[in-house]
Amino acid sequence: MKIAFIGLGRMGAGMAANLLKAGHAVTVFNRSRDKAADLLRAGALAAADPAAAADGAEAAITMLADDAATEAVAFGPRGLLAGLAPGAAHVAMGTISVALSERLAEAHEAAGQGYAAAPVFGRPDAAAAAKLFIVAAGAAPLLGTLEPLFAAMGQRMFVMGATPSTANLVKLSGNFLLAATIEALAEAFALVRKAGVDPEAYLDLLTNSLFTAPVHRTYGGLIAARRYEPAGFAAPLGLKDIRLALAAADREGVPMPLASLLRDHLMTVVAQGGGGRDWSALGDLAARNAGMDAEG
Amino acid sequence: MKIAFIGLGRMGAGMAANLLKAGHAVTVFNRSRDKAADLLRAGALAAADPAAAADGAEAAITMLADDAATEAVAFGPRGLLAGLAPGAAHVAMGTISVALSERLAEAHEAAGQGYAAAPVFGRPDAAAAAKLFIVAAGAAPLLGTLEPLFAAMGQRMFVMGATPSTANLVKLSGNFLLAATIEALAEAFALVRKAGVDPEAYLDLLTNSLFTAPVHRTYGGLIAARRYEPAGFAAPLGLKDIRLALAAADREGVPMPLASLLRDHLMTVVAQGGGGRDWSALGDLAARNAGMDAEG
Amino acid sequence: MKIAFIGLGRMGAGMAANLLKAGHAVTVFNRSRDKAADLLRAGALAAADPAAAADGAEAAITMLADDAATEAVAFGPRGLLAGLAPGAAHVAMGTISVALSERLAEAHEAAGQGYAAAPVFGRPDAAAAAKLFIVAAGAAPLLGTLEPLFAAMGQRMFVMGATPSTANLVKLSGNFLLAATIEALAEAFALVRKAGVDPEAYLDLLTNSLFTAPVHRTYGGLIAARRYEPAGFAAPLGLKDIRLALAAADREGVPMPLASLLRDHLMTVVAQGGGGRDWSALGDLAARNAGMDAEG
Amino acid sequence: MKIAFIGLGRMGAGMAANLLKAGHAVTVFNRSRDKAADLLRAGALAAADPAAAADGAEAAITMLADDAATEAVAFGPRGLLAGLAPGAAHVAMGTISVALSERLAEAHEAAGQGYAAAPVFGRPDAAAAAKLFIVAAGAAPLLGTLEPLFAAMGQRMFVMGATPSTANLVKLSGNFLLAATIEALAEAFALVRKAGVDPEAYLDLLTNSLFTAPVHRTYGGLIAARRYEPAGFAAPLGLKDIRLALAAADREGVPMPLASLLRDHLMTVVAQGGGGRDWSALGDLAARNAGMDAEG
């Protein structure tokens, strides 16, 4: 397929490379041009703006940092709404708000274009290895058309229905579950460490009995080692996603007190200078609230 | 070994049976005598009280419902402190408080007896199948002596050090992590269900991407199906354990705001008539707080 | 002074009447025209739209229900920005967001117009009796000019500095303090009532010892009597204001866990069908969470 | 009346002095003898132990720091149960748990002695000035007999019924309301200060509009001035009382999420070295969680 790919950050670069490997024709656009170099060597074409990238494409994928960037690429003067041909589709794969996804759905429909949301679970290494989990929602025929693309980028696609923004809601709920796991581990480790238990022995117990998911190994390991930098997923990004989850819950009228707690704690991490730390620095906050110092 | 086994509830019956199977000589005591029938047929002896069971035993295992029952069996007039020979040991395998475990350690030491704490993770089926995870703490030589017993009852033993009550703290922290997982799933399911997502599709996504631990499958499944009865682990028992975790955290000076939230929500479940429901009924509370009815 | 007054709800009608009484020339605009009848009889003029009301006025006061209404009146096609003469000022007295107040400040400055924020504390009876507390912020000369207007509507003006949106932040923080007081009373009454204490005796104790503020008498009385309807200030409005307080705190990077708790509880009140109840229905939620029924 | 007075701390000394002034015969006992000097000069007699103090007294008042001290004085070998004559009464005026108050009621009844609980609101200056608010519960005839004593020590007595422990529950709920007010002010001041509002101007607004109770003036003033030492009521004592309130609520089955939040925050204050600070240091915690330093 002929594809436009917009957003070549740590996630997008790997995803675009996998599309190329699978034989698709990929035209890329990124605000910082230097990020495209490797892809161009691998056969991608470069475009000067989103509309140019979308010109002639069957699908334009966005993988951008936040709502503002996605909004600019879609609605901006040389954006996707202007550039996509009728019948071509925008596939939003970044983590964006439910509200923006709804606006995109309306705008593309009004323009005679298709739209699907397909946010992903997985970190940059999973993106590079085509091991992403893809949460997709949109019109069934469109999702059918996109399936080869998802297969090239991920290990499995989960379809969440015909309303695109549903996939965004589900993705946000997943990041909430990740943060909730981190907070629970943060408090548990603070307790056992202050009581004198060896953190590594405790981690060994957890991850070899009932808490065997990747999320337990990854974040349990970071908290046991108190290794909060460099950030795999920085606290401000985690805070942003919890805010979006709460915004979605607010629209639905669903109180999520644990999400509120996560928001408040991540705000504290960031306010106290932890903007460059991984969101697992919730473990450090729990330790300091128990009177243990950073070396604790 | 010659063993006394006290407490033949849903967990203890299977554990005692596995000790018999492994060739140990087991004398049992249970307040309700009828629970011992199967074990007696399998070769166990019955004693009239804990002291009689402990008479001549190298180790006396308690697997009782709570602090009060364990305290009575240990400190009561015909209890273990009175019945165990010098050099013999009490092995407390139930979920008891850190404070009681400390009292037991002191009392048994003063009586010239050994003491280890070895609470377990696993439900009755795991107890029957000798698949428990055993969290043990106590003097190293004693744990060495007990290892064959633990091997007969569990799939793995995790040693948490020489202070017995440490194992109780770790066990309580584990139940906290279980309840935290339930609450997180409860809020996430409330959100996606109110937004119209199919709960089974959502469960399939979670448990086949990042949330693959047994705890996710078990409790995610119950919440997706809204099947809160019969109780695998009843809400009042969960509440009791969160209370004990908070009491331990209080003694250590460790704030655990997520544990506080769990306590408050489990209290609400019980106060609103859910005393007979599984602690995963936190899922029902989250749904009702979002205005969804029981059938929602 | 020649004044435009826009928004003749339960608060605005009394405020505009007091301006007339003080001898000011008042031109009113309200979306529902019938609300102006009494004021017209008292000497006010009616305008067809906000711009017409602002035509020739030295100051245009808005007292509208929310951000959306205020935004429409200010930025709309026949709005205040279009209608106010250079040098004339917009005085926003409704409870609006910090963000909207900042946008208004910028827009009016760009248009060569003045802008002050002057939200109020007080209920409709205080508005009618000219007993409002007015929290004002804006350029000192402008506030000096407006002082006679505030004196006609309120019992006291508190100046919060030169940045208008500061007054909005302070007003929102005040509504947070009100809601926090309600929640504290709600939980305390649930406790003592379930323990069998007579609510009226308890209220008598509180309001005659340490808790003697109007807020204690008003909300303690409603909760003691379990009289949540008719709403003096409806739960959805309280929820809106707590949301705005949290939004302001988010911008400043200030975690407010008690505000989060209030948001979640007010959402529950509304989600469970309490949209028509007073925000003191937090008292009913606390009682039901303790297993007491509505008649409890 | 002939009275025994036990516990001559900052509160008790003033209360005993006022009983002497009112013409009662007072025999005092305090663990540290030097605290009695002033009272002896004023006409009190000294006893060697609680039983000796109670010998011949119609009523024995305890005003002790906590449950442990009160328990020792009542149940100890030379305690009140041993020393009070049949028909004489123990009046517990300290802040003790509901559970201990129930045990005292049972024990004194079994001994043919009377028992009333009469905890107080007010700080040492109010105790000295006979301005305490006294919350009393017990058998009506006993309270009638005690009324002159209460009149000598306080400005008003509030009767909470015939079950003594009810007064303790009500007193604990009052301390919860105080702490809740402090937390609300703490968060509000953190918000407005970080936004650049002058704390004194903000305090002036609050305490002259809707928040006019003594609790607002006292704690608002301390937080505005960031004056957390010396402690009027130290954080560990506040934490103890919130724990007792939560314990009482737990027994009744009443979730109090705001009390849980207060407990966690006070634990953090103490764990981070604030054991010598006033419980209004919640204001400092809110500021630090917002990234403002101690000088912020």
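For clarity, chains are labelled A, B, C and D in written order, and residue numbers in each chain start from 1.
The rule is short, and it goes like this: a contact is a pair of C-beta atoms (placed from the backbone, for glycine too) under 8 Å apart; a residue touches a chain by one contact, two chains touch by 3 or more.
Every value quoted in this text rests on a predicted model; they were computed, and no experiment measured them.
Visitor: Give me the chains shared as neighbours by subunit A and subunit C.
Guide: B, D
Visitor: Would you mind checking which chain's C-alpha centre is most distant from the centre of subunit C?
Guide: B
Visitor: So the centre of each chain is just the mean of its C-alpha atoms; given that, what is the distance between subunit B and subunit C in Å?
Guide: That pair's centroid distance is 53 Å.
Visitor: Let me have the rounded angstrom distance from the C-alpha centre of subunit B over to the C-alpha centre of subunit D, please.
Guide: 39
Visitor: Roughly how many whole angstrom separate the Cα centroids of subunit C and subunit D?
Guide: Chain centroid spacing, subunit C to subunit D, equals 38 Å.
Visitor: What are the residues of subunit A that contact at least two other chains?
Guide: Residues 253-257, 261, 268, 271, 289-291 of subunit A each touch two or more of the other chains.
Visitor: For subunit B, which residues count as touching subunit D in their complex?
Guide: 243, 250, 253-257, 260-261, 263-265, 267-268, 270-271
Visitor: Note which residues of subunit C are touching subunit B in the complex, please.
Guide: 257, 268, 271-273, 288-291
Visitor: Which of the residues in subunit B come into contact with subunit A in the complex?
Guide: Going through subunit B, the ones touching subunit A are 121, 133, 135, 156, 158-161, 163, 166, 169-170, 173-174, 176-178, 180-181, 183-185, 187-188, 190-192, 194-198, 201-202, 204-206, 208-216, 245, 248-249, 252-259, 261, 286, 289-291.
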